[in-house]
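Structure incoming, see below.
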């Protein structure tokens, strides 16, 4: 109490503000400065699957379709209209008045070239699930095209309105070669059709976007009003908060619960806690990819499931509307159900299970994580109580992803936002169909998921997803943890509404 | 007769009754403010470290998320159950500080031991043998001094993984330079003394001379450097743990506690204030002690 | 003088060489550069290809020789992570660290020398005690802790100073203090000791006897002589600061070599780490070399040693 009043009073009273003049900040210069603690190395969709790029992707690029944030219906964006010819073929008719940021008009050639490039496995697109359902695209007219799917894929509309940004046809040929002599598509210029254009990228430092004055009219994205949007990496979370409080940053998110509450209590900054579609999960190496790991034993996995008080973590550490989840999906996603085997907090039982598994005195292991290390540290604390000594290996996302893909992370806590796609295929199928992220490696599960992904009958889909999710929870390939909520902090001058898909839309924000 | 009286010093009554050199030393020691303060603080820390399981009110690893971030007892929301409050995982801070002393002292002492052995061997060899040996060892020392310790330590630890043991080893193998320099210089001073030349003339083995004549006379300098290097190691470990490449969570290293508390520092500064003060007090105590020992054993080296 | 210079230069070069060799070996033994370079999406074939192509499978001495050969021509390889020449990145980031070091040393000197002089003029007085207390306290405070306290107070509570980035000179105030104060005690003690010695010398007594004003005696004569060892010490301390700036730079998000080193360590960017350690070592060697020369120039007795 004393400290808070002191801080508040000091801030209010400090007349001598020799703070460095904010670099082009806020309402005064019509520039929105936003920041996260992560770096952007490649500013291109498809070749950077971090959340920061999902956000920038929506601003500088457009998809064929647009998913309304409130009604969830699909509206035209770059495509004027679409039609299912049969369950593996879609026709699109495009708008004729769209220009890329470099002035080039958009035609069917560009869409076709984009889809054919990204669906080609050699193109090295990072999240295969986003593009592997497409077979190929062909031009049917100057502004029309036909898309062929490999198999029926009901979630197609979700993907077409989400991560599938449209690039100019000739852009891929401009890629530079990498260390192994192959084309590195992450090096092409960031040209799109979106309401903002990327005017400057400094890898590891920031990305600047400026308003696209020639943005197509009548777009469901609206017409942006903020002139300039500057993203800057501020790797120190305290510095971020300090900059927010002193005005050199206008918008940050991912503020930990305690800090958010304290900032809110101070007044002067808007703090909003919003739900997200992101979930936290702990993956355990049922398939023994890491060779000889204790997590290959089901009893060990069960012990872990009972050892962690997920409820306490969700309420005390995450806060807001965070909830414990029991299946490997986000509760609102189509196909997701909580009617699967559930595990309650029971450290006594956990110890017994561990002893039964052959570890009466516990064992030592590494646990990998890449964000919100306090959540994983809490997990480590619970594991210690039942005798498992977990050493935290906190790494950068890219490095950890690599380790996971190599099968060298038998025990890791990570998150997945499903690209905010409201369908189980965007998460469960990504992780459990024997791909690089799969530590379950179960043919039955894969079978059910493949069926569900490609059936057009909702009942069949639900049934098969249910079976897959049940077995995943039964086998504890994942211990689903909780849903993430996000704390947003931004200047009082800004009129901004967070959405549950964790994609801040600065193109609909404005100064008050 | 008077000349004999002047040259053969027959002790006077006062001289016989006066305190012996040892007693004088002791007197200076106790009277020396630095040693008293430093020694007391250090004794308290040692006591904490040795009797931690008996005096710590809670298990330092006992996390209880429902009692997170309780402020210390002097805040209005504080309570006597948790005198120094709790951290972000609900663990009692006083207990963690007490157990943390074990880590700081252990690392400080062991790293000092390793670096002390390496550095003393090198320094004495360089000082005693001189010539080529000295040149080579000086080269090693200069090279070591040119290498940025913390960068190299971080790089190694980042690549091979870190733990208490690794930190001790890495630090021990990196901070021997002051030992080497001071021991070399001390050995050089002693080497030219009469008793050393006498021993050499008598044909004593090198080892015997070094252990018998040299070492006892440089041991004062050794102790001073040793205490200062303990402090150095404590500070380095704190920095490494703060950066995440030292002692690993959930161990209660004070540097790590500062790192874990950083997220709360803007609104709850005591979370970093308490472990930071602990480090400060320990290092202060060690430095005061080291300075004091130097003052007391060789006042002319004061500056 | 010339011979002395050449001898010192020779030693300096040898030391630089030794540092680079040791660092190279340590880094190579601690990790796998081929895997780091290939990135995470790489297959075993990619990694083997890179290992062969870049010669990581050759014996260590051969690898080192190749690195050295290139380095002598100014080619320090390409950053594994940023994919651009290392030398360029270092040249880009070095100025920030140099600035930080220079400011930090200035702070240390501005604080230490007057305190040392004051303490020497009135030994064992209240000034002396205060100065020594500052010295002792300064050496006990961990620099990162001090930095955080300053951030809380000056950066947020008082809002006087910016706490991250390197946009203006104000950004360097807190980092310089945090980095520099650790050198203050040593410099202060040396100044004090030097002044005490000089003030008691015949030379000064003669000057006073000649009737020169105390101020003139103090500054023109005493300080000038006492300062000689301080120059050496300052060079060494500056070298240490450049090497130890990593903690301060990460706390204050300064984009210098320290921050670059931290990022490179996290990304296992071997080429960069090797080059950074060598750069910092080279600065140190250069500084001590220049300090040695200056000393020898000012005090001819040293040249004979």
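A few comments on the model shown:
First chain written, first letter: the chains are A, B and C, and each begins at residue 1.
One rule holds for everything that comes next: a residue touches a chain if its C-beta (ideal position, glycine included) is under 8 Å from a C-beta of that chain, and two chains touch if they have at least 3 such contacts.
None of the values given here were measured: they were computed from a predicted structure.
Relative to the centroid of all protein Cα atoms, the closest per-chain Cα centroid is that of C. Two chain pairs, A-B and B-C, are compared here, and B-C has more C-beta pairs in contact (counted per touch definition above). Here the spacing of chain A and chain C, counted between their Cα centres, is 42 Å.
Centre-to-centre spacing of chain A and chain B amounts to 48 Å, using the average Cα coordinate of each chain.
Note on chain placement: the centre of chain B and the centre of chain C lie 23 Å apart, centres being C-alpha means. Shared interface positions of chain B, defined as residues touching 2 or more other chains, are 262, 265-266, 269. Those residues of chain A in touch with two or more other chains are numbered 7, 238, 242. Multi-chain contact residues, meaning those touching two or more other chains, occur in chain C at positions 151, 156, 250, 266, 268. By the touch rule above, chain C contacts chain B in their complex via residues 11, 14-16, 18-19, 22-23, 26-27, 30-31, 136-137, 139-145, 148-149, 151-152, 156, 189-190, 192-193, 196, 236, 239-240, 242-244, 246-247, 250, 261-262, 265-266, 268, 273, 276-277, 280-281, 284-285, 288.
The touching residues of chain B, counted against chain A in their complex, run 61, 63, 65-66, 68-69, 75-77, 88-89, 91, 163, 244, 248-250, 260, 262-269.
Chain A makes touch with chain B in their complex at residues 1-4, 7, 237-238, 241-242, 256, 258-259, 262, 309, 312-313, 315-317, 374, 377-378, 380-382, 384, 391-392, 394. The touching residues of chain A, counted against chain C in their complex, run 6-7, 10-11, 14, 16-20, 23, 41, 124, 126, 178-180, 203-205, 234-236, 238-239, 242-243, 245-246, 248, 395-396, 398-399, 401-403, 405-406.
Within the complex formed with chain A, the chain C residues making contact are 37-42, 46, 49-50, 53-54, 81-83, 151, 155-165, 167-168, 170-171, 250-253, 255, 263, 266-268.
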